[in-house]
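Alright, structures below, take your time with them.
What follows is subunit A paired twice: with subunit B in the first complex and subunit C in the second.
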Partner chain A sequence: MLRLEKTKENSFDILSLHGEVDASNSVQLDEVIKELMESGSKNILIDGGELEYISSAGLGVFMSYLEDFQEKEINFRIFNLSPKVSEVFKILGLDQLIPIHSTKTEAFAG
Partner chain B sequence: MFRLPTIHIGKLTLLLSILVWLALLFVDLVRIFGIINSLESGISNEITWILEILFFFTLYFFYSDSIEKNKQKDFLNLIWRAASTGIFASTAAILVELFYFSLGDSKLASEPFMKNFFYHVNFALTTIFLISSALLWKHLILYQKNKQVVKQWQVFEFALLVAMFFVFFNKNNLDYSFIFGLVILIIISAILSGNLKWIPYLTIKEKWKSLLFLFFILVSTGFLFRRFLAYSNAEVYQVNLTDNLFLVALFAFIFLYALFSFLVTLFNLPTSSVFEQKLTEAINFQRLSQSIKPEENEEQVLDILMDSCMSASYADGAWLELQTGKKREEIVQLRFLDHKTQEELSERIKALSASGKNQDSSKELEPQNFRLDHPKFESALIIPLEVNNSKIGKMILVKEVRDGFNKEMIGIVSTFSRQACIAVENHRLLNQAILNERYQEELKIAQRVQKALLPNKLDHPDSFQICAYSNAADEVGGDYYDTFKLDEDRYVLIIGDVSGKGTSAAFHMSQMKGIFHSLIQLNLSPAEFMIRANSALSKCLEKNHFITASIFIINIREQKICHARAGHVPTLFYHAQANNSEFLLFDGLGLGILRNRKYENHVQEKEFHYSSGDILVLITDGIVEAKNQKGQQFGFGRIQSLVEIHKDKTPKEIQNQLIDSLHAFVGGDGMIDDDYSMMVVKFLPDAHQDKKNLY
Partner chain C sequence: MKYRLDIACQTSALSDLRAFLKDSLQNFSISEIDQHQLTLAVEEVCANLIIHSHGCNPQDHINLEIKDSGEKLIFEISDQGEAFNILDYEAPDLKKVILEKRKGGLGIILVKKIMDEIEFESKNGTNTCRLIKWFRS
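Right after this comes the complex of A and B.
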C-alpha cells in the first residue's frame, strides 16, 4: 500500500510517501512527480519518514527523472529516510546522485 | 453346415391364421353339406368355436408383431392403418351385398354354400379390422404411459381373453350374462378411452387429417356392426360366429376410442396453435442454452435469438444493434425491414426514450415497450442485451398493431435474450481461457529458453569450489549469474539483477548476458568493465529500468581478488583466519542510472587477498528483501550469521542452508515475490602451498 501526500512550504513542494513502493504502485509515484514537475515546481522534496520499503521499481521512478531534474534545474532532495530504506539508496548508489538529508531543515538548507 | 431357418413370427402367424380360417370355412361347409343331405356330420359346435378362437389368437399375434416392427412414432400413420383396414372391410361387405342385390331372386342367391363362404369372408375381414385397430389403439393409449394405464390395459386384455371363451359358457345366446359381460367391457373401454395424450402433439394439419381418418373409422365400425346384426338375425348360418362377446366388445372399444379421439381432436383444434408455439419456444430455448463451440461464432446465437423472439412475440420486424466500439453501434441483423424503415423507426425510438421519464440507468437494462407514430409499425419493444453486467447491444422488435407486446411476450423474449447472453458470455470466457492457455504455453517456452541462459556448468579451478542457484518469482525473471575462465590463473564471477521482475526483466537479462559476454573477452579491469557495460546498457534499457551487478576477477596464483560493484547488493566475504565476515560495501552506481560519461566517477574497484577457507557469497536483493508474514525482511544479518555457522561446510551445503532458512523464514506457503539468486565460492587450500608447507 502506498499513500502519497502533497504539501507546500514556502517554495518547497513536499511529497510524503507512506507505506511501500513496489512494482504495483510505482506508477502512482511516477504520476505525482510528473505533475509536480509539469506544474513548474523548482524544489521537490521527498519526505521518506513513513516509507517502509522501496523496491527497485520504485527506485527506477526516481532514477528516470534525474536527467529532467538536471535539465530544468529542479532541486530534488530526499529526507527523513529510515536506515533500512536509506541503505537501499546507498547500495544502488543513488545517494551519489540525489541529495539525501536526515531532516527537513537540512533538506531546506540544501 | 446345416442351419435352422430363423422362425419368422409374422409370416408364420399369417400362414397359420389363413389355415385356421380355411379350416373354419371347411368345417362349416361340411356341416351345411350334412344338413342339406340330411346326414349327421357329427361335427359339434365346439370345434367351430375352438377354430374361431384360434383365428383370433393368430391374428392377434400377427398384428402385434407387425405393428411392433413398424414402430413409428407417427400417430397419423397408425390411425391411417386402422382407417384403411376399416374401409377395406366395409368395401368388401358392400361389394358382397351389391353382388347379392344383382343376383336378385335367382337360385344362386339362396345357394347356402356361397352364402356361407361370403359370410366367412366378411367375418374374417371384420375381425382383422377389429383386432388390428384394437392393437393400434393400444399404442395410442400407452403413449406416455404410466403404471396405472398399463395396469388398466392389462385388465382390459384379460377381460377380452375371458370374453373369447365366454362362448362355451353362453352358447351365443343374448342373455343377461352376455349383457353383463358387455357392460363391464364397455366400461373398461370408456375408462381407457380417456388416454389421449398423443393428440396435442399433432400439428394443425395432422389434426385435420386425423379427424378425417377417425371419421372413416367411425363410419366403417358402424357399418360393419350393422352387417353383423343382420347376420345374427338370419337363420341360414348354422353356427353363429358373429354373436361373440369378444367381437362385440371390440366393436364397442374401437368405436368409443375413435369417438373420443374425434371429439377431443376437434375441441383441441383452436388451442393447438398455442401448444405448438410453446413447443417451439421450448425447442428454441434449448437451442439457445447449448453453449457455442469455440470455433463457432456468436452470430449463430444471435441468429437463433432473433428467430425465437420474433416467433414468440409474433413481431413483424426486428433488428439487432451491437456495440462494437465505445460509442458506435452496428446493426447486425435486420429482419423484414429495409434500412430506410429501420432508420425511421430508430429515430422515433431515440426521440421517445430521450423524452421518457425513466432516465435512471437501472431501467436501461430492462425491456422497454413503446408506442410509435410510424405509418406502418405502431409498437416497439426494446430488449437490452448484457454480458457481464455491461450492455453489449439491444434488440428491437416492431409490430404493425398498437400495444402489440403483452406481458407474457415480454417475459419470454427477455428470457430468450438472457439465455443468449449467457451463451455469448460462455463463448467469450471459453475463448479467453484458450488464449490464456496459449500464453501459459508461451511462457513455459520462455522459461525453458531463459534457463538455458544461465550456465549449467560453472568454470572453476581445483583451488575453489563453487555452486549457484536462481529462482524466478514468475515464469521468467531478471536475475543472472555466470563464470568465465580468462586464463589459467584468472577466473571471473558475475552476478546481475534487472530491476523489476517478469517478462520485461527477462528480456533485459538476456541483453545483459550478451553485453557481459562480449565485454569479458576484452580483458578489462572490473571498473572498466562496469563503465563499458553501463554505456552499452544505457542504449538498450527502458527509461526507468536499471541493472545492478557485481564482478569478481579471481587470480588464483596471487590469491587476489579484484572486485567492482555496480549498485548490486554487497557480497558477503568470510575471512577464515580472522573468523569474521563482512559485506563488501563501497561506492558503485547501478548500470543504466547515469547514462553518460559521468558514470565513470561513480564506480570503484576493490582489491583484496584471500586465503584457504575463505568464502564469498554473492546474492541478489530478492534474498535480503524476502519478507515473512509479519512484514520483516530476511536482511543481511541472517545471511551473515548463517554463513558463519556453516563456514566449514561445502558451498553446496551452505547454499542449501541459506535457501532452506529463507523458505522457513518466509513461511510454509509464503511466496517470495521477487527473483532471487546466489553464488557461493569457497577457497580450498592450494595443493602447491600445502606441499611447500609440508617440506
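Right after this comes the complex of A and C.
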C-alpha cells in the first residue's frame, strides 16, 4: 500500500511517501515525479519519514530520472529515511548519487 | 522448522509475501535491518519471476520455503516457468543504469549483495533458486 502526498513550501516541492513501494505500485511514484518535473519544479524533495519499504522497482524510478534532473538543473534530495530503508540505499551506493539528508531543514539547506 | 508459502504470479501478491516473511523471520534472532534486507532479496527474486518468467499470469504459482539449518537460513524459491537463472545475469554497473535510464537491473545487485550464497537448478520442469544467508555470531 502506497500513498503519495505532494506539498509545496516556498520553492520546494515535497513528495511524501507513505507505506511501501514495490513492483505493483512503483508506476505511481514514476508518474508523480514526472508530473513535478514537467510542471517546471526546480527543487524536488522526497520525504521518506513514512516510507516503510522500497524495492528495486521504486529505487529504479529515482535512478531513471537522475540524468533528467542534472540536465534540467533540478535539485533532487531525499530526507527523513528510517535506518532500515537508508541501509538499502547504501547497499546499492545510491547514497553516493542522490543527496540524502536526515531532516527537512538540512534538505532545504542542501 | 519449515515455513512454506504459495503465491499467485501477480505483483499484488508481493505484499502477502512480505507479510509472510515478516511473521516467519520474527522467529529467528536476526536484527530488524537484516530481516528487512532478507525480505527485500527474496521479494526481488519473486518479482523477477512474476514479471519476466510468468508475465504476471495469476494462474501460475511460485512456492517459497524457508529452511533453518541452525547455522544458515535457506530461502528456496521454486516455480514451473521459463527458467530465470540469476547466476547468469551479471549485476549491471550503476552508471550504466543511469545513462540508459533503465528501471531494472538493480534487484539483481541487491540480491547478490545481501545474500551469502545463491544456487540455481532446473530439473524436470521445476526451477529452484536457493538464497542462503549464514548467521554470523
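FYI, the second predicted complex is superposed on the first by the 110 of 110 C-alpha atoms of A that agree within 3 Å, B and C clash if a C-alpha of one lies under 4 Å from a C-alpha of the other, contacts with A are read in each partner's own complex, and residues count from 1 in each chain.
The rule we apply is simple: a contact is a pair of C-beta atoms (placed from the backbone, for glycine too) under 8 Å apart; a residue touches a chain by one contact, two chains touch by 3 or more.
Keep in mind that what you see is a predicted model, and the values were worked out from it rather than measured.
Student: Using the superposition on subunit A, tell me whether subunit B and subunit C clash or fit.
Tutor: clash
Student: Quick check on the superposed pair: does A:106 touch subunit B, subunit C, both, or neither? Answer first, second, both or neither.
Tutor: In the superposition, A:106 contacts neither subunit B nor subunit C.
Student: Thinking of the overlay built on chain A, is A:24 touched by subunit B (first), by subunit C (second), by both, or by neither?
Tutor: Second partner only, subunit C.
Student: Taking the superposition as given, does A:83 touch the first partner, subunit B, the second, subunit C, both, or neither?
Tutor: second
Student: After superposition on the shared chain, which partner residues are touched by A:93: those of subunit B (first), subunit C (second), both, or neither?
Tutor: The answer is both, since A:93 touches subunit B and subunit C.
Student: If you stack the two complexes on chain A, which partner ends up touching A:1: first (subunit B), second (subunit C), both, or neither?
Tutor: In the superposed model, A:1 contacts subunit C only, not subunit B.
Student: In the superposed view, which residues of subunit A touch subunit B and also subunit C?
Tutor: The answer is residues 23, 26, 30, 53, 55-57, 59-61, 63-64, 66-67, 84, 91-94, 97 of subunit A.
Student: Can you list the subunit A residues touching subunit C in their complex?
Tutor: Result: residues 1, 20, 22-24, 26, 30, 53, 55-57, 59-61, 63-64, 66-67, 83-85, 87-88, 91-94, 97 of subunit A touch subunit C.
Student: Provide the residue numbers of subunit B that touch subunit A in the complex, in ascending order.
Tutor: Residues of subunit B touching subunit A: 497, 499-501, 543-546, 548, 566-570, 585, 587-590, 593-595, 602, 621, 625, 631, 633, 674.
Student: Which bits of subunit C are touching subunit A when the two form their complex?
Tutor: Per the touch definition, subunit C meets subunit A at residues 11-12, 14-15, 18, 32-33, 36-37, 39-40, 43-44, 47, 50-51, 94, 97-99, 101-107, 109-110, 113-114.
Student: Tell me, which parts of subunit A touch subunit B in their complex?
Tutor: 23, 26, 30, 52-53, 55-57, 59-61, 63-64, 66-67, 84, 90-94, 96-97
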